[in-house]
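Quick heads-up: structures coming right below.
Next come two complexes, and both contain chain A; in the first it sits with chain B, in the second with chain C.
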Partner chain A sequence: MSAPAVTWTDAAWVRRIVRGRGIWPAVPALLYVFVMLAVPLAVLFAFGFLTIDRGRVIPGSFTVAHYQRILTDSLSWLLFWRSFRLGVATTLLCLVLGYPVAYLYTLVGPAARKLLLIAVISPLLTSALVRTYAWLVILGGRRGLLNTVLLRLGIVDTPLRILNTDWAVLIGLTQVHLPFMILPLIAALASRDRFLEEASANLGASRLETFLRVVVPLSLPGIAAGTALVFALSYTNFIIPQLLGGGTYSTVAVKVYEQTIVILDWATGAVLAALLLGSCFVLVLLITWTANRAMAWREGTR
Partner chain B sequence: MTAPHVRLQGIRKAFGALAVLRDCDLEVEKGEVMTLLGPSGCGKTTLLRTIAGFVVPDAGSVSIGGRDVTLHPPNRRSVGMVFQHYALFPHMTVFGNVAYGLRVRRLGREEIDRRVRAALELVELAALPERWPAQLSGGQQQRVALARVLVLAPEVLLLDEPFGALDAKLRQAMQVDLRQLVRRLGITTVFVTHDQDEALTLSDRIAVMRGGVIEQVGTPLEIYDRPASTYVADFVGLSNLLPGEVRAGRIELGRSVVLPTDRTGRVTVVIRPEHLAVRRDEAGPGWPGTLTFVKHAGATTEYQVDVGGPAPLRVLAMRDPGGDLLEVGDRVRVELRDSAAWVVLGEGARP
Partner chain C sequence: MTPALERARRRRAWSPGDAAGAVVLTGLAALALVVLVAPLLVVVLISFDGREYIGFPPERLSLRWYQALWGHAQLIDAAKVSLRVALDVTLAGVVLGVPAAYALVRGTFPGRTVAGAFLVAPQMMPGLVIGVAVLFFGAYFAFRASHLMLILSLTVFCLPFVIRIAMARLAGLDPALEEASAALGAGRFETFLRVTLPQVAGAVLGAAAVVFIEAFDNVTVALFTASARARPLAVELYYLVQYDSSPLVAAVSAFEILLAFLAVAVASRTIGLERIGR
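So, the complex of A and B:
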């Protein structure tokens, strides 16, 4: 008697997919993501390795010259450093500004909660572009809204120069990305067990100590999610630095836009985009890995 | 006589329009285990939380060890609370949980280490200091919660339904352990439960609560033998509540059952099921009726006899292995076994 033939359909993972009907409803979305995201990304990465001869891309060629050129150029390192700095600063600012809002949300009654949530979400209903233009009006020059008010009130003698600086970009990035920090924080904080805070008080801890030793550590999943989101979005944003940073201001993302859309140097654009995306991915992984290490206690619950 | 260790005077608390506590007075002696017993919604947990400082009463005062602490915040009271679901910090190990209060007090590393180990030994968890709470069984979690407060040597220990989350068998073992531990430490303890068996097992005295009012305070035996109201009689243990009327200092019940009393008017007579007996012969004093229910539960037998009243009489007897087995439908007579074992409640003067 011969042993029954083992075919590839016997593999556990294949059976799981075939039998697990749960996958089929997700197929349209998976297909969409594959066609609209994975394929263009692959094309983009490919462009970074193709030879370009007198402005014409040569299909089937392969070179690492573009990477060599860009990685040895100190200007690109400067751009990456600026993007990174902006991403970190925006994330920290969003965390510092967003945490109290999320915490407040969990302390107030249902009506105030609704109002807060509307206040947090409503900016998402207008396009980030429009909001960024609004910052142009507010921060812009001598006759901008901010300077007019400050001068009238006599708070400053000479108009502040904010527009076209790092500060303007930071303000814009923070405003646009704040909801992405607040929402995960609300999710983490609203589900917390209030008895833990009572237990902490019962054991002698002040409100501040309870907050630092119990509330904040237990909201780490929300902090991690918000941090990863805001960092990824602000690190790679190009509209806000472009508009609020002024004509000569540049980040990696802005440079990618210029190279690809304006200068039509697709190879340089592709290499910078690949490096930006890759580094962003690594940094986000680093954030989640660090957070997971700090949340070792959750292992026990699984 | 020394002042009570914990004294609650005229405590009132309302949440919105709902009065949760109405004028509660309670005194707990040093080293005593006091139980707040009552159904859910009777205010027992709110009263406990008032002692802990999580609830600030609308009126009245709380004093601990002779000091008025009514307005002291929870973290300024020497009161250790074990929460219903233990409220262990999930992000700290067993050691971290027990060390929490000591760290907050900024004690030295060595002292913390020594005291945490001693506390864990006390609750027999010395082997598991590095475990996360989620890795512990319910009973172990409860012991961590206990060690976490005992390590601070509080003046008063508060326990909010500490056995509610445990299964029946473990519950009994933990009750005995806790009783021995608390007695050994001699710590003043206030304990909340809705379970009368638990209250009878653990307490020196019981305060029976109902609708925000303390109905009766007494030792378990006082509560059981001399309930102050039909509510208490009904809540603690099984009882037969028989309505009657006093005529010339006597209540007449059933057939030739005459009880003397110094009360007057309409009264309720409380008779515990174990103070009644079932006889096959129908003649004689008592209540003739029909047996409607028999349950042989090992050592005891429970009967219910329809005597024509609103509710059947419940009778609890030691089982007689060689005796006459009565069956449902038999005509029987219920007899008052012990003429001292009854309580009269109602209007008029108290005995």
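So, the complex of A and C:
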């Protein structure tokens, strides 16, 4: 750049240079995501329509046979139904457990807030595998923590069998994904207008009414964001069902892993992964759409 | 809140419904916090158990599993692999992500929103799908699962963290400083290096801590892209959890928890805990 011949009267010109910057600093990242995500996804979708023999694509072998085989297999539908149920149950459980934490966060003082955040973020940054292992220890067998406590307190006579059931998977999924529900809820609840609650109280509403009819509707964007995120993550998780569900427990995501890594049937893996991603996308759109409808309805009834 | 409103609020009595609601809400919040934190405490606790198997409560407190860990060549090697990989991913993420965030915040090019959505898309993508896609991509173009593939795949997974955190910080900067720098004759690059970058350095450090821990702990992508010869710790642990029933896994886990707390400490000082979430 040449010597500065600018004065402050040229501020608009300066501003254009500083702000009117081009796209170029983002180009390496854009290229990177294109090559490492967009292209691999294209390959993944393509693999579902090809014949693959031990990791080698047979050229010119376009076929819809894999899709046909998988979509007509009742076992696939069973797996999708189980993944869906687990995703929905996890999301609802996270909402029921997470909402009170996020709401509490907006009521307490700064020190308690910080503690609450640490309690939410520390598990988030701790390996999900470690947390899943912890549940293996807590729920596991007769010597597991839960059964030891329940037996000693005399609440149950025989050890509960939780590990290797849907319940263990549900508990694990909920714990691992709870922070993803709480953080968007905190963001939505912390920015709400408190005067609306005052107004509600002054108009004669009880605290419960104010909570249900003012606070909860105001936090809809957070509920939408958290719900979409937790559903997408729990619907596609394969580590937790594998470790807590036991050897024979399977979901679509577990099946994708088994087909690609263990059985090496890549075409089936590719089809299932594509269907999993596609259905996840549609369901998340559905959640967003429903939330938008609810928010529109909220505006309408004001 | 005006004093009058404050008084009006205090005057309001609690109805039975209110009390029940408060009890339910507090109870659920307490349960949620126990569910969140208890697993971490349990893991740390049993890592000090001196017995061969896992049981409650731990008996014979000892450090034998930490000693066993120290002598476990396979795990130590895996930890070294993870350390290298996580450092490389962090470096790549910062080098790619910070300029990209700058372009997205300061740029006026058309399609900024689309470019931004595209760059954070990996975060919306299940790790499983990224892993499978990169595995197939590598096979199609005849790249083997390797150290490099692992770094490349984890970088795409972690890039959104850097971009989001850096964007949030950049959006909060006063452009007047950059304008002054330009007005005083600094070029674009010089302004970025000497004026913009120092202001976002803290946020970048925080983002680096988050990316490091995400890359170090990742198993969903790494299971598909790591080579069998150089397995990262997370993958090694994934196999170990399935057949080892001694507190050894707990000792490894305790280290990972310690690492997570270090990352939390760094991030809380640099970007604030509120911003860590997605």
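One rule holds in what follows: the second predicted complex is superposed on the first by the 264 of 302 C-alpha atoms of A that agree within 3 Å, B and C clash if a C-alpha of one lies under 4 Å from a C-alpha of the other, contacts with A are read in each partner's own complex, and residues count from 1 in each chain.
Methods note: a residue touches a chain if its C-beta (ideal position, glycine included) is under 8 Å from a C-beta of that chain, and two chains touch if they have at least 3 such contacts.
Since this is a predicted model, take the numbers as computed values, not measurements.
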Q) Regarding the shared-chain residue A:62, is it in contact with chain B (first), chain C (second), both, or neither? A) neither
Q.
For A:196 in the superposed arrangement: first (chain B), second (chain C), both or neither?
A. first
(Q) Output check: A:206 vs chain B and chain C. Expected answer is one of first, second, both, neither. What do you get? (A) both
Q.
Taking the superposition on A as described, I'd like to know which of chain B and chain C A:97 touches: first, second, both or neither.
A. second
Q. When the two structures are overlaid on chain A, which partner does A:297 contact: first (chain B), second (chain C), both, or neither?
A. first
**Q.** Touched chain A residues, chain B compared with chain C
**A.** C
Q: May I ask you to decide whether A:218 touches chain B, chain C, both, or neither, giving the answer as first, second, both or neither?
A: first
**Q.** Shared contact residues on chain A - chain B and chain C
**A.** 195, 198, 201-202, 206
Q: Spell out the residues on chain B that touch chain A in their complex, using ranges where they run on.
A: 52-54, 73-75, 79-81, 83, 85, 87-93, 100-101, 104-105, 131-135, 148-149, 152
Q | Residue ranges of chain A in contact with chain C within the complex | A | 1, 3-4, 6, 8, 10-11, 14-15, 17-26, 28-30, 32-33, 36-37, 39-41, 43-44, 47, 55, 57, 96-101, 103-104, 114, 116-138, 140, 143-145, 148-149, 171, 174-175, 178-180, 182-184, 186-187, 194-195, 198, 201-202, 206-208, 211, 229, 232-233, 236-239, 243, 253, 256-257, 260-261, 266, 269-270, 273, 276-277, 280
Q | Partner chain A, residues of chain C touching it in the complex | A | 1, 5, 8-9, 12, 14-15, 17-18, 20-22, 25-26, 28-29, 31-33, 35-40, 42-43, 46, 53-57, 96-97, 99-100, 102-104, 106-109, 115, 118-119, 121-122, 124-130, 132-137, 139-140, 152-153, 155-156, 159, 163, 175, 178-179, 182-188, 191, 210, 213, 217, 219-220, 223-224, 234, 237-238, 241-242, 249-250, 253, 256-257, 260-261, 263-264, 267-268, 273-274, 276-278
Q) Which of the residues in chain A end up touching chain B in this complex? A) 193, 195-196, 198-206, 209, 213-214, 217-218, 220, 295, 297-301
